[in-house]
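Each chain gets a letter, A, B, C, D, E and F, in the order it is written, and its residues are counted from 1.
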Amino acid sequence: MDNLIGLWQDSGLYLMAPGQLVMIVVGLLLLYLAINKNFEPLLLVPIGFGGILANIPGADLALSATEAAISSANPEVLSALAQAMGLEVWETAKDIKYAFEHLNAAEHGVIANLVADMGFNNGMLYNFYSVAIASGVAPLVIFMGVGAMTDFGPLLANPKTLFLGAAAQFGIFATVLGAVGMSYLGWMDFSVADAAAIGIIGGADGPTAIYVSSLLAPELLGAIAVAAYSYMALVPLIQPPIMRALTTAEERKIVMTQLRTVSRREKITFPVVVLILVALFLPSAAPLLGMFCFGNLMKECGVVDRLSDTAQHALINITTIFLGLSVGSKLAADKFLDPKTMGILALGIVAFGIGTAMGVLMAKLMNKFSKQQLNPLIGSAGVSAVPMAARVSNKLGLEANPHNFLLMHAMGPNVAGVIGSAVAAGVMISMVQGMGG
Amino acid sequence: MDNLIGLWQDSGLYLMAPGQLVMIVVGLLLLYLAINKNFEPLLLVPIGFGGILANIPGADLALSATEAAISSANPEVLSALAQAMGLEVWETAKDIKYAFEHLNAAEHGVIANLVADMGFNNGMLYNFYSVAIASGVAPLVIFMGVGAMTDFGPLLANPKTLFLGAAAQFGIFATVLGAVGMSYLGWMDFSVADAAAIGIIGGADGPTAIYVSSLLAPELLGAIAVAAYSYMALVPLIQPPIMRALTTAEERKIVMTQLRTVSRREKITFPVVVLILVALFLPSAAPLLGMFCFGNLMKECGVVDRLSDTAQHALINITTIFLGLSVGSKLAADKFLDPKTMGILALGIVAFGIGTAMGVLMAKLMNKFSKQQLNPLIGSAGVSAVPMAARVSNKLGLEANPHNFLLMHAMGPNVAGVIGSAVAAGVMISMVQGMGG
Amino acid sequence: MDNLIGLWQDSGLYLMAPGQLVMIVVGLLLLYLAINKNFEPLLLVPIGFGGILANIPGADLALSATEAAISSANPEVLSALAQAMGLEVWETAKDIKYAFEHLNAAEHGVIANLVADMGFNNGMLYNFYSVAIASGVAPLVIFMGVGAMTDFGPLLANPKTLFLGAAAQFGIFATVLGAVGMSYLGWMDFSVADAAAIGIIGGADGPTAIYVSSLLAPELLGAIAVAAYSYMALVPLIQPPIMRALTTAEERKIVMTQLRTVSRREKITFPVVVLILVALFLPSAAPLLGMFCFGNLMKECGVVDRLSDTAQHALINITTIFLGLSVGSKLAADKFLDPKTMGILALGIVAFGIGTAMGVLMAKLMNKFSKQQLNPLIGSAGVSAVPMAARVSNKLGLEANPHNFLLMHAMGPNVAGVIGSAVAAGVMISMVQGMGG
Amino acid sequence: MQEEILQQGVDLMLFGMGTVFVFLTVLVIATTIMSGVVSRLFPDAVKPLPAAAAPPPKAGVDPKLQAIIKAAIEKHRSRHK
Amino acid sequence: MQEEILQQGVDLMLFGMGTVFVFLTVLVIATTIMSGVVSRLFPDAVKPLPAAAAPPPKAGVDPKLQAIIKAAIEKHRSRHK
Amino acid sequence: MQEEILQQGVDLMLFGMGTVFVFLTVLVIATTIMSGVVSRLFPDAVKPLPAAAAPPPKAGVDPKLQAIIKAAIEKHRSRHK
């Protein structure tokens, strides 16, 4: 009988907190959007599934051994922990958790040994997160794979489109300002590190967003990643109205001259040039842009095709699976069901909007100073969201003029946006760490 | 001259213990069975090879740095260890090993630092085991890949066959009882955790068995894995006599109605349904069934084919290589050459037999209550051993009636058996850990 | 304004040390040689790129958290470190670095906790190096893959060619003697461990060289790996003059009898035989030869093709990417720009030359004692450098006699050289560790 | 002690086997409901997977040609995967 | 504190956006120079990548045959990658 | 010290080179015995690997067709591996 009661008290139905139920529904919603609406399924299927797993009550898959010990709410375990921390007065498990989070690294080690002796283990998703994201490796490896899949030909044929990619990054920084503004007004409690991590959503680049969040605001990572990938999937809905509002029908009809052929040598040299400039001017962007350029060099140099192929297939796929599940581990109810998440979702869409607008406006500005006219519709592709944003430019171009194929022209600012976001990420990480944030 | 003596004293021939020689022969036997008799070669080739490597005298490939320090039998090293452990009286390296195993995690850390300073390193296979199995990741990743290779269509067409998969799990629990019975009678010295880990052999599912053993009885893992895979390979010999004994010729001739077509939407929904039920009722099975359902969802949803493909090929293959070598590291002579191994081998085959019998009997029982008749030969497929057991059902069906194709019908209970074993594994892990085992 | 100054002081141009600039140029040179001259591109592209990344000033990608803290040159950080080490008198960061390197493992742990609390992280390449090379796993996995790509058929058809592979290893040991000689004469400051690691360049086998260096002389690893791969690429230039000088035109014209067909069973049995001999006579070579034979057995046994395929493609490619970047991390200026590197480069080419010569001479010697004549040109293939050296033998053979195809004959000593180097590596690791080196 | 382990074994068996049966029974019910709901609410909304319904080779194609292509791909597959 | 965070946000924006523009401007210049140097010094030294310049199928090949091969490979690819 | 390192180097060379020769000599003997045993006890018991003995393309197949298929697969292979 005791055993039956034990089984019931171990069951999910008995243990389920309302927040966990909500998060399981959120996970199912993400799966629905990914599978039925084709919302960035490569990431949102693992993220959604991982989010459900992270919220299975009693399974503690997303918790470290210490967190599992604290959440066990076993009075003996709690007193042992409190004693080891030198905590004389405490009431609930929450007090102990709070105290634990303020220990230094050496003390964390002591507690980790203690809970290991008591038989607690890290949860599966916690381990995935530690190895894949906390170490920084998974976003970097994905960025390498993206580099190996990127063709810089259109950008090299028309390097000026880099300015469009630069302008669109204003979405990032405007959002940073929005987030600190919310804190200033007392609406939210974002630190400047949080604000920087939220801003990067506007980069429209998944691995960059995850990399920055993991360094500056790990507890917001789940919401930031979900926002970034969801809005990327929504680019075909978010961008067109803004693009139409800021351009005249005449502008949308501008036909661009065909791109010149780019030689293989130029393509090989480009990632090396970027790398050297990073080394000279922007060391803080070295991990992201370094791996990106490495992937691209492997692709273009033509002598390591087997490595390039693996970077584009087996390696990026394996990493994506674990990255997605790991992000899902940050969808635990206590972290995601927070007013901050609403703030992040609101700021994220504003970031996309501003980035889109600035890209279009920059194209119009450049037309004032140059004879070679740009169709301003390609400016919106500067936000990245490769290749979705370029496709949106192409679609609107065809609507305005059925013979106007903008796809290749828009690929230039599109990949420029990837570089731009990585630069922005490097600057922000460096500055925020300098601010003691 | 000293050098020559040193080389001779370092050589395998000088250092070889009889147990190691026996285990090398066991490893060669496993390779022979795998290569010439096609006994589950994907696992038994790496396991057999790893077993040989683990028993190379003086190479210490399966030992941790501390175990290597102890087995070096260097008096200075041993005294330093004894002193660090506060051991005042000791005679042999064995005493020190015994004392070491009873230290807590913090003390283990101290000793690890000490032996690192003395220049000892973890052996290659020990590292593989730590990363692949002790962390739990390898069996789970393989289970994900198996999920991505499983077609639940036949099960969905005839969900009642889940009962056959349930019944066959009785093999697991009867074996648990057998193992504790052996302890009760004083024949063996199995703890209840050992008994649970041994029972899972009856699940006829490799990664599940390895996962459970790694948690409940790591020192028995080698014997349990070898038993599980060997008996799976022997299914075509073990099952037919039992199946024939428990069925009449008439029963074996029963022709089953053709399975209905299952829609894609049903196949997509099924893993999500299983996941939700796990979340509600059986959190302890969440790691195994979660990863299994995740793999299956990736396969069926149709929008992440590149991830599903990697899960079925590169990722599962890489994991299998390291899992196999890691299991081999547990074939060290001092762990495998133990009366317990004989007990495990004996109990394992009983487990397979009982599981087979219960599956068949359950099918006969269900026929008593239902108009839609089942051919009892498909009951034996409930033990899992996918797809071998289903093929055995098909073969015996054809013997009885040359027009009776049972293969697809048997795939239902076959995959049901996988779910059933994972459920059993979850329950046992949860209960045994609750018993303080 | 402060911010602008801060950005400038953070930029690469401001921080760049002359040594870093030189190393970036060296990295670019390696990329040039790899891409334009086809110098072992699979390794030298990642190594060259990693070398550039490692020398980006201020990015600290190749430094551990502690090294990053020390190189930050922040006075507060330095005093905290000095205090934690109990260092009462110190002047520069260099003193602290020196003191740190002489701490024991437990003290390293204390310092690691301290710098973690101060917010320092390990660099990306440092992490890659720790996981891939310091653990030993990457060279071993590559060796497994090489095993899975090796055909021992030609060797089995003519086992005597193993002697050629043995003789060519004299290049290794002559170089060891050269290196200790340099130390004896006071030209260089190589320890005996350094000498052994340098000698292994003469093995002409990349993963073996990296494996030995990582164990015996990690700080020389960068130079040793670069020398090994560069000279392997230069085999078509280094070997022919030596081969011509040591052979007469008549000898070069010797036509060898066609190789017999080797049965599948022999090919399956061979790696097992090697494994058993290693177990009996040479445990110290067990990791390298064990993994090599495991790869070869997977290839030949025919029942685990999916594992063999993964070992030859996805797994070896993934490992190569990280191995290359990790080796690059050892091209940091302070380690590479050292007179020792010149010594290593000089000794390395001597090693190749002596190995080549000894292989050729051994073939001539064997011809004196045997009726079955060997073309001495195949002796040079004994240095390994698979399959380049065998192709060189073939080319010179065709020059001497247009109907003399030596390629398959030279593959025997070529793969024998791989085994020979692995044996030499095992002996040296074991002996040097015994010397307390 | 000896008695206890026996008791624990019996407990494991009873509760373990019970859980397996209860869970799989619930799964039978849930699956049946799910299949009913799906086939009523979304009948043929989604076509079967392309892979599952690969179109049969067009009639009229030279069978020898087909055999060659198949063999070539088989060979390719056996080498590359 | 409240003021400080606002100030920090403004700083981030100004220096961040500035760095992005400066860096990408430098990149435009460097790329333009690089393209000029490469096309002047090494004109067509290296042929375009084989993959990029896959020879068009020889004329005269039966189009039906081509279609079949393409379909076979498509199918193969969809299964194996 | 200086003397010692020279001595150690000589030791490494002598014992190292010796071990390499002894081990490879043992391997020559063992391999020869193994080949003898295998070819006497199990002559042709196992056929050569299918991959090694891939059947030559059937005679009578249009060579142009073969070339096309080969090219298609080459191209496929170069992209996918």
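Going forward, a contact is a pair of C-beta atoms (placed from the backbone, for glycine too) under 8 Å apart; a residue touches a chain by one contact, two chains touch by 3 or more.
It should be emphasised that the depicted structure is a prediction, and the values quoted were computed from it without experimental measurement.
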Per mean C-alpha coordinates, the chain lying farthest from subunit E is B
Chain centres computed over CA atoms; the one at greatest distance from subunit F is chain A
Distance between the CA centroids of subunit C and subunit F (whole Å) is 21
Per the C-alpha centroid definition, the whole-Å distance linking subunit A and subunit D comes out as 34
In whole angstrom, the CA-centroid distance of subunit B from subunit E equals 47
Multi-partner residues in subunit A (2 or more other chains touched) are 3, 109, 281-282, 302, 306, 309, 313-314, 431
Multi-partner residues in subunit D (2 or more other chains touched) are 11, 15, 19, 65, 69, 73, 76, 78, 80-81
Within the complex, subunit B is touched by subunit D residues 2-3, 5-6, 8-13, 15-17, 19-28, 30-32, 34-35, 38-39, 42, 44-49, 52, 81
So, in the complex, the side of subunit C touching subunit F is made of residues 155-156, 159-160, 162-163, 165-166, 169-170, 172-174, 176-177, 179-181, 183-184, 191-192, 195-196, 199, 261-266, 269-270, 273-274, 277, 281-282, 302, 313, 416, 419-420, 423-424, 427-428, 431-432, 435, 437
Subunit C residues touching subunit B in their complex are 104-106, 109, 135-137, 140, 144, 268, 272, 275-276, 278-284, 286-287, 290-291, 294, 297-298, 301-304, 306-307, 309-311, 314-315, 430-431, 433-434
Subunit A residues touching subunit B in their complex are 3, 6, 10-13, 15-16, 24, 28, 31, 34-35, 38, 41-42, 45-46, 49, 52-53, 55-59, 61, 109-110, 112-114, 116-117, 119, 121, 124, 127, 313-314, 317-318, 320-321, 325
